[in-house]
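Two complexes, one shared chain (subunit A), two partners (subunit B, subunit C).
And now, the complex of A and B:
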């Protein structure tokens, strides 16, 4: 029997699912080997059990956390698909301010006041805090990036089907950037987060002439103190440096708030 | 004696570009996002020897590229196993190679040909490559210290050696392959190239590039004595363990391998080889999680000892650091092996 694969989305742009639909070279081979049983971007079938569940998006409301726990309970392997699920992504920056302040800033004070007097008016008000999915459930594998790297998706699925352990190098973007022969962004007089960011993207942004903004997340054990000093030496002030780290990785930088995985969940 | 001629720089560059009509030719050129790289040329490219600074990656790395497939494999229906090596024997010209990089290629030839595990993938590419080297008239960057480690006058491994003399180039064929390739280069024949080489050397700045505070011959012993020195911590406080110093080093050759199976048929796949780096935290982690070099300082010490002690003793050779300056120049934390070697000599050199 072919493994059943499912895709679920929470708070996200669904760009990672689209990125996967774009792996046209591998898609037909993939469909030969697996059954895709849930994929809102492409079909609407339902199944009770999943061999591999891909979770896109961050968790904002308790009802989302409950839905995620239910998926976890029905899945053999659960994979975080992209930066929102893996690290909370840009939306986690909203954790730094009170929900009411965010609501007023985005939708206006009138909306805020109305929601506060009439809680049923807007279900989004149930929003509590932006969490990566690992704050709610145990995660077996991470496909990082905004969006994910399609080749990494194919590599993971291939390995899981073959029963081998997929290999994702725990090293910074610099390694792939050097293998690509790129001149260092700092040597161009600019700044970069590549030294402290998980590799796997092939340093695509630097290779295309931009810099690394860290969408794949901060590498565990990275020497952030030294990196901050290097950014200071390159002319950035501390507020700018915090902004740069927080663009994608603010949830990784709020460890004190990352407690309280829900019942049955595992904080990792 | 092999052919030696004096040619104009213009004629020489046109000749190198013209070689691309019939062969693969790599020459230092500016990459899309800046920085020099040895890149494939076409006959119309306008090549130049001017404004040379070290290429991001050294040319010798092309003999064992960053990511390569070593062989494909298949478990066959009858139970047998088939592996098909992938060997690249395409003839190629590597032109504009500087003496430090030439010295590094000679060391890598030694490692890959005479070491414990000859590497057929490296050797096939190497043997199919003709090297046109170019001697330096001045240090290529303020990080250069090739003269201090004795690689400024390296010429081993060159098929053709170009030496700037006044406004022209002395071109010397060093091998039969070089001789054949040089047939299309027009110039004035030279009976004795030695006086011209002497003139080139006399015109070079003295001292040439940075100088160590002692002899590199003292480094192996000084490094032995430096094992518990606090200098390893001082020099690595800012280290990001990003691996850049290894990956841009012309004599770093460590790699990792892994198998990729095909999605369409998991009985088939290929074995991949990628450059590895001993500065990465997981490099020395072995089964059961033990880590032989858990601290940045221990990894840095290992790297420097590889360059100035372990490998030269293992292969009875010159130092494996050729003084190209790439690792220091490309380290965003400004950690320079020249500074480390200098401190090792200052603090632990002298007579034991």
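And now, the complex of A and C:
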């Protein structure tokens, strides 16, 4: 029987599902080998159990956490699809501010007070904090980045269908960037997080003229103190350095209670 | 079903981007209440961008939406440039217009083929079409891949592009790659004709409601990248910096997106509004398609938004060819992108596939963002979608089975191509018994 694959989204831009729809060359071939049973952005079908569940988005409300736990219980393999699910992404920056203040800034104080106390709809507004999915459930694999790299998705699914263990290099973006033959961002007189960021993107941002901002997450074991010194030597003050790490990786740097395995790696 | 009381609830409407539900309460055979609930979780972009530097803003707020990441980047770029007193070059504006056109082609193709056509053909998704209509699916994938590659050539990649920034391009696109896109666009023209043929064959549900159509308007061209705010009720434009007097946002408890209204209780923005407001400025080939599809002089059937998207696919292809020729005729020069950051407030608007998008940022003396506001097309459209549902529900309850009613409500919502993750900031139809 063909494996049943499902996609679910929580708080996200839904760009990672779009990135999967964008694998035009591989999509029709892949459809021959799997049954896609839920994909709300593209399908109306639904199913009770899944062989592989892809989760896009971070978890912000208790009702979302409950829905994720239910999906986990019905899934053999669960995969974090993209930076929101894997590390909380840019929106985790909002954790530095109280939810009531965030709501007031976006909706105004009058509207906040009215909707948060509405007897019929208050759960909609019960934002707690931005959490990567590993704070709520066990995660089997991580597809990193904002957005995900479609080739990594194809590699993971191909391996899982074949029953083999998918291998993703545990190295920093900096290594891939050298292999891509790029002039170092520091040599251009700018600064970069490529030395401490999970590889797998092929250093595409540097190749295309920008720098690495760390969207794939901080590599476990990276020497952050040494990296901080490099950034200081390049003229950044500590507050600016913290802002740079916190652009995409603020949730990785915030103390939190972890119920799942934590975003330690691609492997189980 | 004339004396029945029931509620239709469609929770987590599929094939829309973002989360929403529709609730229709029917009491003694008459429609008692219709509610469109947007249940998307908050991400607080307008709060957490505080503290960011000018160049970081467009790069990060592009993450509001995967489908219109380019539009969010461009609207934010324009707003930040306005705040910082920066004036982009003619070369930069030309490249931005092409980047924006590539996103219209990508988003409209995805929406028409993947999200809307399955409804009209009576299937659950594009997947069964891969078996029943393989030529259609292959064409859709071909067009989508062309549009994606188009974005990547100009932006560095398809999603969340990084080559463009304030004032210009960090890395210019190669002319060889641009010429390749041009050749592929020319080769795709027969695919566009086939797309128009499908659009012609789609049966439009016969529900109409006159509303206020709001779009950008430009003196010289069909307004997509730039223009002032035009209302069909007003018959005139207002400047982008006065957008708050247009959007008049308000908050309701059943929806985490904000709602908008201008001269009436609701207005519509998007492809149909643009075609209605700016028909004469469409490329001639697109005007011809609009006539063939019955959109001249205008349409007040919201389901026809899908047809207007097809018109715009044709327009954008021809507009792209013309602008690419301009690019190929000029020398692309590496520009100095440096500037001295300053305090100030700025406004930016651009048309994105779903309608007008407004961004507004204020920076302090250290050029750190201290206030941010983004008004997204879906939040401008929700009141109008609910008003359509309320207007059509009584006739639908009389004329249609519950299944058909649910489908028509979902199709109505999908016709607006709502981008809900952006607007929180869409659809469950619940039948409550």
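The working rule: the second predicted complex is superposed on the first by the 245 of 268 C-alpha atoms of A that agree within 3 Å, B and C clash if a C-alpha of one lies under 4 Å from a C-alpha of the other, contacts with A are read in each partner's own complex, and residues count from 1 in each chain.
Criterion: a residue touches a chain if its C-beta (ideal position, glycine included) is under 8 Å from a C-beta of that chain, and two chains touch if they have at least 3 such contacts.
Keep in mind it's a predicted model, so treat the numbers as computed, not measured.
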- request: Using the overlay on subunit A, decide if subunit B and subunit C clash or can fit next to each other.
  value: fit
Field: Which of subunit B and subunit C A:205 touches, first, second, both or neither
entry: second
Task: In the overlay, answer first, second, both or neither for which of subunit B and subunit C A:238 touches.
output: neither
- prompt: Counting only touches as set out at the top, which of subunit B and subunit C does A:190 meet: first, second, both, neither?
  reply: neither
Field: Touched partner set for A:118, first subunit B, second subunit C, both or neither
entry: second
Statement: Geometry row: CA centre of subunit A as apex, subunit B and subunit C as ends, angle in degrees (steps of 10) is 110
Message: Looking at A:11, would you say it contacts subunit B, subunit C, both, or neither? Reply first, second, both or neither.
response: second
- request: Look at the residues of subunit A and decide whether subunit B or subunit C touches more of them.
  value: C
Task: Could you tell me if A:172 is touching subunit B, subunit C, both of them or neither one (first, second, both, neither)?
output: first
Query: For the superposed model, what is the least distance in angstrom between any CA atom of subunit B and any CA atom of subunit C?
result: 7
- request: Determine where on subunit A the residues touched by subunit B overlap those touched by subunit C, and list them.
  value: 208-209
Query: Which part of subunit B faces subunit A closely enough to touch in the complex?
result: 31-35, 37, 56-57, 66-67, 237-244, 247-248, 258-264, 266, 274-275, 277, 280-282, 296, 329-330, 332-333
Task: Using the touch rule from the top, collect the residues of subunit C that touch subunit A in their complex.
output: 12, 14-19, 39-48, 50-52, 56, 59-60, 63-67, 69, 110, 114-115, 118, 124-127, 130, 137-138, 141-142, 144-145, 148, 156-163, 165, 169-171, 250-256, 258, 421-422, 425
- request: Note which residues of subunit A are touching subunit C in the complex, please.
  value: 9-19, 21-22, 24-25, 27-28, 31, 36, 39-45, 57, 60-61, 64, 89-91, 93-94, 96-97, 101-103, 105-108, 111, 114-115, 118, 120-121, 124-125, 127, 130, 146-147, 204-205, 208-210, 213, 243, 247
Query: Which bits of subunit A are touching subunit B when the two form their complex?
result: 26, 29-30, 32-33, 154-155, 157-159, 161-162, 164, 167, 170-172, 174-175, 178-184, 186-188, 194-196, 206-209, 221-223, 226-227, 229-230
